[in-house]
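You will see subunit A twice below: alongside subunit B first, and alongside subunit C after that.
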Partner chain A sequence: MTRWSAVIVQELLCTVRERLPQLLLAVFVGMIAASAFIGSSARSSVTGVYQEALRQGLTTVANPFDSFSPLYYARNTVIYIVLIGALLAIVIGVRSTLRDRQARTADLILSRDVNLSFYLGSKLAGLALFVLLVLAVSAMINIGCISIVAGHVLSVGDSARIAALYALAGLFMLPFVALGMITGIRSSSATSALLTPIVIWSVVIFILPLLGTAAHPVSLLNPVSAPPASGNGFFAATSSLVDPLSLGEQFKHVAALMLADPQATGTMAGSIMALAVFAVAVCTAVAMTGRKRMRRMLHD
Partner chain B sequence: MTATAISTTALTKRYGATQALNELSLSVPAGEIFGLLGHNGAGKTTIVTILTTLMEPSSGTAAISGHDIATAANQVRRTIGYLPENVQFYDNLTLVENLLFFAHLSGVHAPTGRIREVLGFLDFTGHDNQRMGTFSKGMRQRAGIAQAILHQPSVLFLDEPTSGLDPQGVAKLREIIISLNTQLGMTIFMNTHLLAEVTKTCTSIGILSAGTLIYQASMAATLESFPGQESLEDIYLHIEAGQRS
Partner chain C sequence: MTEMLTLAKKEITELRRNRLLILLFGFLALAVILSVVVASADFRLKIADYHHYLDALKAAGSTATAPAPQLFPLQLLRGGMEYLEIIGSLFAVVLGTSMITKEKGRGTLALIFTRPLGRFAFAGGKILALSLVWAATVGALFLVIVASLLFVGNAPLQGSDYLRLALAGAHTTGYLIMWSLLAMTLTALARRAGTGLILALVLWLVVVLIIPQIGDTMDPDNQIPGGLFASLQVDKSHEQAVMAHFTGYETTRDLIEQTSVTKQYERATFAYLGIKNEYNQQPLASIWAGTFNNTLWLLAALATSVSTALLSGTKKTILRKAP
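Up next, the complex of A and B:
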């Protein structure tokens, strides 16, 4: 085993054995598993109303759900990734670096002939692997549950679209892991290490989209991305500034296109670029951490 | 002529307006068990932190086995082992998982065999697969020594190694420190408050007061030079009082 792989294995073992990540992981995977059944339940309710309206002669149009793709049942997973997945990413990132400061193992590591950028990069790689494993399992669960609800095995094309959604989820979650690592290193207390990235997450998920689109706050919990800003006025000016930083909306936009949502329009390239730039920027910031930072005492 | 394991020249460290180390010059020959004594805040941990390359001095130089801590830091890191005060380890990992991690970081070849060898040397067997969160303070200190010597360093730094240990734990650790020195030939530099332990363990001592080295001699010479004093504690208090007056 090389140094690099030893750090990755250590990171995986520590993360898998910690309580808070275990709890969030259970909630995340549980909600992914439930999402198809929640979608199915919603479809049944609407179909029931449609059948009643049809029976009373109030409508003659075809049931709109009949033409929906099975991918409809994956829509809710998008919002679980934005909410629970990002929080899971933050928690494992914060715990990763905070662990070394709390256990004072930072001194054991830094007194060895170990390059700090290499060490932190390896930790990040370990956490990225953990996230990818979680997402791979989640994707299989999601495909399985949708197949059960749809009553047939999902086609290769639809399965590939769901796999692509989870690959995108990895790109969305990775910067939050790195953000958690940074605050785990830089914060003066364990509490602020956890709260700071959560505040940043709430800004990029909830605050910035409101500044750019005037969307109703509750609509941000909808898996479909917020409507574009009007062509003029305050929101036209702010949207060009804050849209690229509204990572939740960027993720939802690409996810909607991947899931062939009929309401989704536009292309994926710009949004994927925004997510990638954020990921590269935060991961670079992790690698540039100085040795003094790692040794700072915690005040709680 | 005995080689010098640790040397410092006019080593100074300032934290803002506070002078933690004041032009400290020190030389520890190879093969010694050197005990650095001093009151709280004297600068003992600061000097260990600098010598283990964890912190840079404000001025002055230091070298470990001839490697300068500023210009050959990685060489120094390969030469030393370090046990900080109150190290906790990764509680969710077992003893062997923790040691494997540190062995790989130190570039130890055949780490599993080396860990078995070290744990055998420390008489610390039967806990391989126990998670370290369940370890007592004494067990953690022995694990701490194990991680510090995995890569066979020639100089070992121990910061308050007996802090918080019960009498049995202190005696066991003393036995280990002496074995590391006599059987493996390691030079040991330790900070401690337990002067009785220093008398039983160290071959030479230094006394630090307000960042200044006010005394350095072999243990035998120290005990001979102060015939009116009954113990090292009395000698230490006598030297400190002389410095203040």
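Up next, the complex of A and C:
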């Protein structure tokens, strides 16, 4: 085992043993499992409402769920990845570097002939592996639950789309892991280490979309997007500025296309590029951390 | 009583000097102002669209008219109130946690308890300080809200609007104090300082985001962009007739939402500010009749958080758990 693979394995083991990320993980996996059943309940109610409206002669339009795909049941999953997945990523990232500072192991490791960029890169690789394992398990649970709700085993094509969604979730969560690692290294206290990336997350998820589309913060929790504000004047200017930075909306856009949402239009390339650029930028920032930063004392 | 006041005074002095908290409150004020800017820009676009529509009708030789969009100033606050609901409560959690972690981190916890304090003086002082700090902060935030409505949103406010804003401010103060006290309780009970913060964050995640999200997702009208009933071309009066056949489902959905104190807060404040259309421009007595249960649930949650903070902030509990 090389020293780098030893760091990866150590990081993986420490993260698995941490009780508090386990709590968030349980909430995440639990909600992923529940999402298919919540979707099923919503769909039956819509069908019921449509049939009642039809019976009362109030509508003549076709049932909006006529051409519905079992992938509809995975739409809530996207929201849980944006909310719980990103917070889980932040917590494990923060805990990873704070652990070194609190236990003073950073001093010990840096007394050896260790390339800091490789060390932090290996830690990040260990955490990325943990996130991928969590997402792989979540994907299997999700496919299983959707199969139960749909009453048949999902087709290979549909399963591949769900697998692609979770691969994209990995790309979405990775920069939040790295962001957590950075604040864990740079903050003067454990509280600000955890708080800073959460504030950045709240800006990216709740504030930037409002500036570009006038979407209300709570409506962003609904998998069905609100109609955007008029695309001229104020919002044309703000959306061109903030849309590439609204990573939650970029992720939701690609996820809607992957899940074959009939309302979703456009292409995936731009959004995937925005997510990838953010991931590369934050991971590079982790690798560029200086030795002195790692050895600073915490004030709480 | 004197020692409680002394402790509260010490807390307020420390909070006033905490740069991180001042930054967070500045951030919250900025988010609220931005939401008013965006809401007023959105309204101006609606007015422009309306004029274009009228011009198009005139050009086509039609004499038909359409009602102009009406500006209800307090409705511009929807985004801002949702920020207080989500981000404000997050900051309240951090503030509540820091009330205990700073004492543990500096080692002053054991020192304070060497003094002859009453059983609940330590927690009482912190609760009093938190309440005063939140009352002052929310008061300042609502002054910012009024200023941004008047000067950014260019929206004229009537006398009753100020009363409605004061009622929404009182609900917001109670809601934020409750979150700070819950976080303080969890941190006092936790063995490690970080544990309390993460437990409080998980609770925040479930109560503020997940439960309302489940309730929102189960709403049939939220299943189609623009609304299910709009897509089926069913108007509001017939919508109620259809939904009368789904009372069991709606009751379950409502119960799920009601388990979240955030929803209770949202329902009450949205009603007083007229953001919820059914309460817009209604007399206060009628709004109280429709939402008093939400206010009472919020008060019950606040009372619970005060009690748990008092009980967990005793010398026996805190020092037993100190590392």
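Keep in mind that, in the parts below, the second predicted complex is superposed on the first by the 278 of 300 C-alpha atoms of A that agree within 3 Å, B and C clash if a C-alpha of one lies under 4 Å from a C-alpha of the other, contacts with A are read in each partner's own complex, and residues count from 1 in each chain.
Assume a contact is a pair of C-beta atoms (placed from the backbone, for glycine too) under 8 Å apart; a residue touches a chain by one contact, two chains touch by 3 or more.
Everything numeric here is computed off the predicted structure, so don't read it as measured data.
K.L.:
Looking at the superposed three-chain arrangement on subunit A, would you call subunit B and subunit C a clash or a fit?
P.N.:
Taken together on subunit A, subunit C would fit alongside subunit B, as the superposition shows.
K.L.:
Touching A:192 in the superposition: subunit B (first), subunit C (second), both, neither?
P.N.:
second
K.L.:
Which chain, subunit B or subunit C, ends up touching more residues of subunit A in the combined arrangement?
P.N.:
More residues of subunit A are touched by C.
K.L.:
Tell me which partner A:156 touches in the superposition: subunit B (first), subunit C (second), both or neither.
P.N.:
neither
K.L.:
Looking at A:2, would you say it contacts subunit B, subunit C, both, or neither? Reply first, second, both or neither.
P.N.:
first
K.L.:
Counting only touches as set out at the top, which of subunit B and subunit C does A:45 meet: first, second, both, neither?
P.N.:
second
K.L.:
Counting only touches as set out at the top, which of subunit B and subunit C does A:269 meet: first, second, both, neither?
P.N.:
A:269 sits against neither subunit B nor subunit C.
K.L.:
Please compute the subunit B to subunit A to subunit C angle from C-alpha centroids in the superposed arrangement, rounded to the nearest 10 degrees.
P.N.:
Here the answer is 100 degrees.
K.L.:
Given the touch rule stated above, what does A:13 touch, subunit B (first), subunit C (second), both, or neither?
P.N.:
first
K.L.:
Quick check on the superposed pair: does A:297 touch subunit B, subunit C, both, or neither? Answer first, second, both or neither.
P.N.:
The answer is neither, since A:297 touches no partner chain.
K.L.:
Nearest CA pair across subunit B and subunit C in the overlay: distance in Å?
P.N.:
It comes out at 12 Å between the closest C-alpha atoms.
K.L.:
Which parts of subunit A are in contact with subunit B and also with subunit C?
P.N.:
none
K.L.:
Quick one: in the complex, what on subunit A touches subunit B?
P.N.:
1-3, 6-7, 9-10, 13-14, 17-18, 99, 102-105, 107-114, 291, 295
K.L.:
Could you please specify the touching residues of subunit B with respect to subunit A in the complex?
P.N.:
Subunit B residues touching subunit A: 52-55, 74, 77-78, 80, 82, 84, 86-93, 97, 100-102, 104-107, 147.
K.L.:
Show which residues of subunit C lie in contact with subunit A when the two form their complex.
P.N.:
So the residues of subunit C in touch with subunit A come to 20, 24, 27, 31, 34-35, 38-39, 41-42, 44-45, 48-49, 78-79, 82-83, 85-87, 90, 94, 97-98, 101-102, 104-105, 193-195, 197-199, 201-202, 205-206, 209-210, 212-214, 216-218, 220, 222-226, 228, 231-234, 238, 241-243, 245-246, 249, 266.
K.L.:
Taking the complex as given, what residues does subunit A use to touch subunit C?
P.N.:
Listed in rising order, the residues are 20, 23-24, 27, 31, 38-39, 41-43, 45-46, 48-50, 52-53, 56, 58-61, 64, 76, 79-80, 83-84, 87, 91, 98, 189-192, 194-195, 198-199, 202, 206-207, 210-211, 214, 216-218, 221-227, 229-230, 232-235, 238, 263, 299-300.
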